[in-house]
Amino acid sequence: MDIKTFTPPSLTKEKLRFTQVFETLISLTIKAAGYSAIVFVLMIFYFLLSEGTAAIGEIPPQVLFSTRWYPVEGYFGIWPLIGGSLLVTVGATLFAVPIGISTAIFISEIAPRWLREIFKPIIEILAGLPSVVLGFIGIIALAPNLRVLLDLPTGLTALTGSILLGAIAIPTIVSVAEDALDGVPRSYRDAALAIGATRWQTIWRVTLPAARSGVLTGIMLGIGRAIGETMTVMMVTGNAPVIVRGLSSLFLPTRTMTATIAAEMGEVAKGSVHYHMLFLIGVVLFIISLIVNITASALVFRSNKRSDRILS
Amino acid sequence: MDKIRIEDFSLEYSDGNESLRHINLAIPAKTLTVLFGPAGGGKSTLLRSINRLNDLADVKKVKGRIFLDQTDVLDKKLDTITLRRRVGMVFARPVVLPFSIKRNLTYGFELAGIRDRDMIEESVERSLVQAALWEEVKDRLDEPAASLSGGQQQRLCLARSLIQQPDVILLDEPTSGLDPISTLKVENSLQDLKKDYTIVLVPHSIQQAARTADMAAFILQGELIEYGSGKDLFTRPKDERTQRYIEGRYG
Amino acid sequence: MKQSSQKRLIYQKLAFSGMTLVASLTVLIIVLVVIYITSMGAGAISFEFIFSAPRDGMRAGGIMPAIIGTFYLTIGTAILAVPLGLGAAIYLSEYAPNNQMTRIVRIAITNLSGIPSVVYGLFGLGLFVLFLGFGTSIVAASMTLAIMTLPVIISTAEEALRAVPQSFRVVSVSLGGTRWQTIRKIVLPEALPGILTGIILGLERAAGETAPIMFTGAAFFLPSLPSSPVDPTMALPYHLFVISTQVPGMPVRIQFGTALVLLVFVLGMNVIASIIRSRARARRQW
């Protein structure tokens, strides 16, 4: 080796010190960013609670749990709103789950590759449609047609809201369920096919059950989105706070918790009973979303653990 | 003179896998020492303890001491940056960084903030010559390193570990993915390099161990069974387990 | 499996055709909706529509203040959400130990992603508009949108960071790199396309949202553009809401035109994100 050897300069003490201090500062900053999520959740809950709990003191329970929502005259019955949210969400679920899961199965198991590459981005477009655009389509195109088709006095009904909320839930269900189906090991399918099952039997009895928890997670998250959706329902459900009596109420106007907040918040005075009441509804929505999301992630967590056990 | 002294070293991972127990080992300077034995015995773990790369892994317990010259490597307050610049490492699969060939080599200088152009240019050439790669890449230093063949990539990794003039080079099965010709080139480079560097090698076969070892340590399930000169150990092993392993009865 | 194979294949045929039909109809309807808005809205699009303010009680003129406003809000959201979201993603992917605290951080992020947008609106009203005294303003609305956008940015960016091979990190550290040097010089550049995709998807969502800005920064109608970040602003989604529900006798043409512009704004971001993603995939060396 005819190249002269030498020693490269080593790091000076100051430089090392600087590097170490800088490194510590950076990791603290990044840690703070990570923990900020916790701070935000707590802050949101705190602000909702601090304004919302006032309503519990201001409104007697018999009024709060009555069946009439008419804030101008002091009626703050929450049942019609909870009923409206439930009705529209149940309607959306009935509509979105079969379609979402069929579409997920089609994309993941049946469609040829090239078709999958076309279908997936189109479903994503639906996920990206702003809810006001969907609401606008509902007002302009869906509601008038439903009115004529079903011979209703108005097209702005819970059903219209359900269909559009279903459309909002579908992309979530499809993408999560499709991921879950995709994650089922090839060997499961091969084994089923090897013992003479048809492709459909394999899907129905092997792949789908194996992907169960993921599919359920998708459904939960889809429903979660539907409950929390605001603009679309506010635009197309007619916004009448009436008490819900079964699924037949689907053909009548209704009003959800989210729409109530959105429609009335602009007009209330800060610190009024009405103002506090709207925050209390926010608390209810926050808690519902908490339950839905924790359940959904617990489902994923459990399935992970089970697969770990099988594999090790 | 011993370059590395390992004294009563034990290590345990959080998941309970591949622990090491009471290792005592003195590795002389400017020799090639091999750590060999069946897979999962803790050779790589021992190797990675010398440059504290195990800090990245989920280690539960470390006991004992490892000295590099007079420095206690396991000292919590030790400056690992300087340590790792003194101890180069080559891994089983060639890991070239997603940069050009040249930047792969100069990356270590970049990290240390060293900008002396002339010195860097010279170091690039020297390290590539040492790794027997210079002739093949001297006209394409700005191409992506990923465009090299597997054997070339691994020699680039060797050059990268040499460029900062470390005292020690650790090699963890560096030829496991290579064809016989590339393997031979790497082994030849190592024979040249041991004149200037202390080399610790985890070989990928017993044959490689026997071919290359000045000193050899047989490690079985986390324990050091036998340690001695390569010549003695591969011709007249003292321990029956070493003999049976060398003869290919297990592992 | 006692059915004859004939019968089983008929079942299969029925099931497959059913699913094909459902999936195809879904996709077809989405395509039709997009075509419908495009064809109905295209007629409204003109230089005046894009570049002038509404006139005659919004029944004529253009929507420029709303376009500019949405642009401002999106930028404001990015300024706040990108550093924070990226930081959190780096924390989760590169720093977070596998312990209870990290699990709590993750649960918090999941919950943020599930909170209804109107609840963010309430929170923004309570904290930014009233408590901190920003008033109905671009700042208050951007902050609200930023917190709402965080989980999208965090989860996509984390995924992109995790996709960078662990071996790069090990090599960088073995060469004397610190954790941050490794992140800045290798992990971040390699994950950049994925991170950008995540940021754009997050901002896309923010740009299309109405409920969080209704009481925090969106104005029904403003004759002039906002002059500072503490002014309220018009915004496309809120404007579409207003002109399709609150203004009687609104010409349908303008409604569709507004919907189309919003759609192009949002889907355009989506397209940019996909282009970045596929380009990066083609260029990637690992």
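Order as written gives the chain letters A, B and C; numbering starts at 1 within each chain.
The definition used in the following text is that a contact is a pair of C-beta atoms (placed from the backbone, for glycine too) under 8 Å apart; a residue touches a chain by one contact, two chains touch by 3 or more.
Just so you know, these numbers come straight off a predicted model, no measurement behind them.
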{"item": "Topology of the chain contact graph, where touching chains are joined (line, ring, star, complete, other)", "value": "complete"}
{"item": "Of B-C and A-B, pair with higher C-beta contact tally", "value": "B-C"}
{"item": "Maximum centroid distance from chain A, chain identifier (CA atoms)", "value": "B"}
{"item": "Chain centre separation (chain A, chain C; CA means) in Å", "value": "14"}
{"item": "Between chain A and chain B, centroid-to-centroid distance (C-alpha), Å", "value": "51"}
{"item": "Rounded Å distance, chain B centre to chain C centre (Cα mean)", "value": "48"}
{"item": "Touching two or more other chains - residue numbers and ranges from chain A", "value": "19"}
{"item": "Residues within chain B bordering two or more other chains", "value": "81-82, 85, 112, 164"}
{"item": "For chain C, residues that touch 2 or more chains besides their own", "value": "178"}
{"item": "Footprint of chain C on chain B - complex, ascending", "value": "51, 53, 56, 58, 81-82, 84-85, 88-89, 91, 93, 95, 97-98, 107-108, 110-112, 144, 146, 157, 160-161, 164"}
{"item": "Interface residues, chain A side, partner chain C - complex", "value": "19, 22-23, 26-27, 29-38, 40-41, 43-44, 47-48, 50-51, 98-99, 102-103, 105-107, 110-111, 118-119, 121-126, 128-133, 135-137, 139-141, 170, 196-201, 203-204, 221, 224, 227-231, 235, 258, 261-262, 265-266, 270, 278-279, 282, 285-286, 289-290, 292-294, 296-297"}
{"item": "List of chain C residues in touch with chain A within their complex", "value": "1, 5, 8-9, 11-12, 15-16, 18-20, 22-23, 26-27, 30-31, 33-34, 36-37, 83-84, 86-88, 90-92, 94-96, 104-123, 125-127, 130-131, 147, 150-151, 154, 178-180, 204-205, 207-211, 214-215, 237-238, 240-241, 244-245, 252, 255-256, 259, 262-263, 266-267, 270, 274"}
{"item": "Chain B-facing residues of chain A, complex", "value": "1, 3, 5-11, 15-16, 19-20"}
{"item": "Residue ranges of chain B in contact with chain A within the complex", "value": "79, 81-82, 85, 109, 112-114, 116, 119, 122-123, 125-126, 129-130, 164-165, 192, 196"}
